[in-house]
């Protein structure tokens, strides 16, 4: 089943998960800066690409360590899912930013900025929740962050749908297609935050 | 490995799985009523949203129970996948209905009604199959329903592709994009029914 | 945990995995032939559909065997994921070819041919890697192929994004939507090759 010990090897898993969550926050904040202050766009997107690569390497470290470890702080599948979900969060943030450059879109509208705010908030909740998994005493408190991440994901979904409706009403077809792809990537980023939250929740329920 | 006992706790898993399947049938029938009788659209979509929330709560009950149980009627991953797939079925049905309102589309065409019929049929097969998992004697019979669900999913896929071709031939671009999204959600609902069927099949193969 | 023995039953798993990989290569080469030599299109797409069905049956054989076996050459989840990823590779190749016919698109451009080349290369790497899993001595060598598949997947992703940009610049909206769907399916085929590579890598890391 599941055990929580404090062997250095196991502590390293927590270090990496927290590093991945912290990197997701930085990536989200870089996206927010991009859409709030629409200048030096290529440079800012380049920075987001670098943060995404940093996230990739954290994920690979977690997976490699998982394959080499016989004892893990919680279920192997949960750790693997966590590693890949954290990776997906930054991937989708990067895709959204990347499409803005590729499609040469103009100044992002309010919906995009709201979605960026939600992504930042969701990643921050993940980063707050992660360290609580280290100790049984704090583990239960993870559930509050999970509830908040679920709320944020629903909010992002509503923004996404409202944004699609506006697109069809106010834009020409090419912009509809381009922006829909960007909105989709942003909404997907919050979905992946929810995947992370679901693993956190499961670990807490199983161990707290 | 896998065991089938009849402790009350384990019976409860079957109760919840059957409740989820029954709710999926009701959601599918509400979609069929919406597209067959295109009146009181907002009210009917509201009803579908309520059914989707009912499905969410069943899923959460299954997952929470899974995290709390040491003995389960079949593999934990299978139960989790089942819970999430059942949830996805109603989510995609709701998305399809929701987009019809958001995009202010007109009267649904014959392809939409055929897809709704297929979704109803597939969910009904799931609801017929679920109780057969309770007893080893009836378990093998699940395979017939799985084969039928696979057949229905292929049918939906063909309808979807045929519908896309018509869209490009007969509609203006905005409608193409809007309806494609609706068709996609409907086709995805049948994919998720197949996911459920795959778990049923696996359980039957492992235990019958 | 994991064991590698050489009981006939276990050898059969490797036989099926290698058969699935070989079938993926044939399917990829059929797509390449279609886009390189744009003649007898319906016949060539029919051939790709047949290859996809052959892949389905390999996947079903693996899953059925998995459900019946108590001893497997490596983790059950890895074998199931492998079976489904191999299946997805040929599914996406078939979808891409199928849309070309359904949408009555014209002569494929250079980007499509490059993507087809990448898909062929990625499937060939899988086919080269698969037999190396049979023996601990050769297992480590799998990692080279995994690295190459990852490189090819990144290449496909870059081609895909560049192709999208061109689409918006050079085509009318209907073609944008049609070709984007085709490009997407082709890019997804390489993603699934990467899923296969990830399983190979995991097996090697755990056993070599």
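Read from first to last, the chains carry the letters A, B and C; within each, the first residue is number 1.
Note that in this section a residue touches a chain if its C-beta (ideal position, glycine included) is under 8 Å from a C-beta of that chain, and two chains touch if they have at least 3 such contacts.
Everything quoted here is computed from the prediction, not taken from an experiment.
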Type of subunit B:subunit C copy interface by residue overlap (half), same or different: different
Subunit A on subunit C, rotation in degrees - Cα superposition, rounded to nearest 5: 120
Rounded Å distance between subunit B and subunit C, as computed from the means of their C-alpha atoms: 28
Shared interface positions of subunit A, touching two or more other chains: 77, 173, 177
Of all residues in subunit C, those that touch subunit B in their complex: 63-64, 67-68, 70, 77, 98, 102-103, 173-174, 177-178
Residues on subunit C engaged by subunit A in the complex (per definition of touch): 1, 77, 161, 164-165, 168, 173, 176-177, 180, 202, 205-206
